[in-house]
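Presented sequentially are two complexes of subunit A, the first with subunit B as partner and the second with subunit C.
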Partner chain A sequence: MTPKISLLHAAWLVLKKDWQIEWRTRARLTAIIFFSLSTLLLFSFAMGPDVNTLRAHAPGYLWLGLLFASVLSLGESFRIESENQALTGLVLTPVEPRAIFVGKVFGNASLLFGLSLVLLPVTVALYDVELSRDPLRLVLVLFLGSVGISAPGTVYSAIAANARARDVMLPLLLFPVLVPLLLAAVSATRFTLQPDPQEQLGSWLKLLTAFDLIYLSVGFLVFPKVAEED
Partner chain B sequence: MAEQLALEAVDVSKRFGARWALARLSFTLPQGRSLLLTGHNGSGKTTLLRLIATASFPTAGTLKVLGHDARAGRDALRPHVALVSHASFHYEDLSAAQNLELSAKFLGLGSQQTLVAGLLERMGLAERAQSPVRQFSAGMRKRLAIARLLMKAPKLALLDEPFGELDPAGIRQMEGLIRELQGNGTSVVLATHLVEQGQSLTNERLHLEGGRKAVAA
Partner chain C sequence: MPSFIPLTLLALVVAAIVAHLASPKVRPWLWKPVAALGAVMLVALWYLGLFWAPPEQFMSDVGRILYVHVPHVWMALLAFTLNVGCAVAYLMKKSWVTDALAESAAEVGVYFGAVGVSMGSIWARPTWGVWWDWDPRLISTTVMLLAYVGYLALRSFTEDPERRATWSAVSAILSYVSLPIVWFSVRWWNSLHQVQSNPSTVDKPMVQVLRWGAVTMLCFLYVFIVKRYEIARSRQTAAMELPPLEAPRPEAA
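Right after this comes the complex of A and B.
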């Protein structure tokens, strides 16, 4: 009998496999970078030239750009799993479905987080924001937000992958769930870019962390039901 | 001492929506014996293989595979059962070697590159080891799926139309591999429309019609 690998090791292999496929095709990366850049550009044009208005709305537009790109990214993440029923193949190998969940969440989150870092200088150029006020906590907010989108997003994209109208299904399922996360991420980002006289940043960070923990736990529990056919 | 059973199905049924793909199917297969599954398209052969592989579960009835309940004991069961199906389970954008190495890592097998190179050589895919599966023909995909099955060294091998898409040399090789698996004590369940060829490779036969056990014409 072959030795069984640990859940974390299996999750790491799933994550590496996703990176490997991404690196080989670069299809998802190219699509989400250009899509989110276009989104930021269009929002900046729509707002007009008033610098104060642009600065005030920059955090919201940054997160909307990331949110819209995440729909593409999450959808593609499970398209590769439904092709040739690769997800079933993983489960039968056997790979613990919860390891698949953890690997996919952090694979998706790493891509979104990387995208957010790419978008930061673009946000500076288009919205005239100041990144040097609290860069470390800004990066923390981007990371927590990326995980927060990816945790429920991974579950819903797995559900939507086999649906007939999967491109429509994913945002319909995901966006309502992400309202508290977006609220927290936009507010926390604002307070890392602008003055925070009432020191609200800490509270928003706690909300972001709580959201991540709740959806990581829920996903961890329910993903086996999603990954395995009844 | 009681005979060890590779498969034991009691009133196994499977429903998709309003349609019963399998209805009250009962049979047994002793460990080490091989079973030929026959029946027309849509008779339930693939559904039954997927139930045995634990890719799906019965709606009603009891299915025991290698002594384990197919649903409750699936974690213990999956390392010992391998399915070669119509779907290849491969990642299209990874190469043949990367797909096999990935499986080897999940199985916790050491020296993956040597193992994978040997399997690809054996299946006649060594020259295309670094090509993405997307560029493979149907026959090459089938060979790669067989390589993955061999890597797992299962106690129960499930083969859904294993001769389909293969060239004559591939068919001869597949027959040899089935005999080799049986020689190692592996039970083989073989679903094929090539009845005579299937019968020459198996000990028992289960014919399905409309999801039910039937007497072959």
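Right after this comes the complex of A and C.
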């Protein structure tokens, strides 16, 4: 008889498996790094060479770059499971499907978080932003934002991976839900890079945290239903 | 008007929808008197809204769009609430009835929401001077509409009926949950929308016409939802009754 393992342990195993697959090819990370690099470059071309405009809008460009990259990365996270029906195998293992959700969310979030750390020096080079104002909370914002994109994103990518026109479906379903996250993350990032005279950073951080918690728990509740149908 | 009347009306509509789903006897006729009532009330609404109600203090005649704009958005919210209720019910106990009702509520809600938002945009132009603005109610209604357009697209892109039902139910819940968060996040940006009025700040005839408009639209909401539900149900039965295409044909004698 298989020994029963705890949900967290199972989630950790799923996460480790995803990291291992990623580390062996490094294909996904490389692809999204170069994709978002070119997105950031395109923003600066589209806005023209005025450094002040670019610096003022840098948080928005950074998060749009991350958001576009996340669609590619999330789509891939269940596509690798559809080969040889790996997801069916995963669901059939004697662990809760919720462990797969938790593992996948943090797998996707860690990839996005890594990407955002890579993009930070690029924003300095392209948009001339100042990172040294509040680096700790900047990293916190990036982390919370990555988790916030991944929590609903993991549920939707599990759905879209099997639907027709999946490349259109994922952003169509995901972007409306992410509107508040985008607002909160862009504002919070702005106040870590630029002066924050009215001290608004705290409330945006709270909104980000609330968004993460809400979508982690909703996803946690509904993911088994999605996995059942895969 | 006593405050319990709106709730009573809502309960009546819900009861009528339930009766429509449950009883084949009610199904062929109940929608007809409601549709007739809605049509008569709509004609009266034209008169009441355009001539009987006094012009708005600051916006004069432009403000009259209120009597159709606000009821449309209310109906969209009601339809989406019904949709998410059906989604939760489907996930707790699978049933084709709740799936069909969820589909019809979402589609009718998108219709009412799209008309409501377009009318809001038309209203915004002469009063705020812009077609579009960072207003929490405007943005959250639009985001909700986009989410439900995605929901309908997901339904039409998924062939397997059971998958379609489960996935769209999950997607409906995720979209509905985002509503209050969208609302709060946009409200923290600057806002132009007039502070929400309540019956005590608005002239009495205007409240009466607005309520008249709401009841009119409620009639249409009911008729649209049950008729769209019938279409969804007959599509389901048609899909299930079709024989598999690869079925071996008996050789002709």
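What we mean here is this: the second predicted complex is superposed on the first by the 229 of 230 C-alpha atoms of A that agree within 3 Å, B and C clash if a C-alpha of one lies under 4 Å from a C-alpha of the other, contacts with A are read in each partner's own complex, and residues count from 1 in each chain.
Operating definition for what follows: contacts are C-beta pairs under 8 Å (C-beta built on N, C-alpha and C of every residue); 3 or more make two chains touch, one makes a residue touch a chain.
Just so we're clear, the structure is a prediction, and the values are computed from it rather than from any experiment.
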item	value
Partner chain in contact with A:Val95 - subunit B first, subunit C second, else both or neither	first
Touching partner for A:Thr53 - first (subunit B), second (subunit C), both, neither	neither
Partner chain(s) touched by A:Ser38 [first = subunit B, second = subunit C, both, neither]	neither
Per-residue contact with subunit A, leading partner among subunit C and subunit B	C
First (subunit B), second (subunit C), both or neither touched by A:Thr30	neither
First, second, both or neither for A:Glu229, with subunit B first and subunit C second	both
Partner chain in contact with A:Ala86 - subunit B first, subunit C second, else both or neither	first
Partner chain(s) touched by A:Ile21 [first = subunit B, second = subunit C, both, neither]	first
Touching partner for A:Ser203 - first (subunit B), second (subunit C), both, neither	second
Touching both subunit C and subunit B, counted on subunit A across the two superposed complexes	229
Partner subunit C, residues of subunit A touching it in the complex	152, 155-156, 159, 162-165, 168-169, 172-173, 175-177, 179-180, 183-184, 187, 203-204, 207, 210-211, 214-215, 218-219, 222, 225-226, 228-229
Subunit A residues within the subunit B interface of the complex	1-5, 10, 13, 17, 20-21, 24-25, 80, 83-86, 88-95, 229-230
Residues of subunit C defined as touching subunit A within the complex	91, 139, 143-144, 146-147, 149-151, 153-154, 157-159, 162-163, 166-167, 169-171, 173-175, 177-178, 181-182, 184-186, 188-189
Interface residues, subunit B side, partner subunit A - complex	50, 53-57, 75, 78-79, 81-83, 85, 87-94, 98, 102-103, 105-109, 132
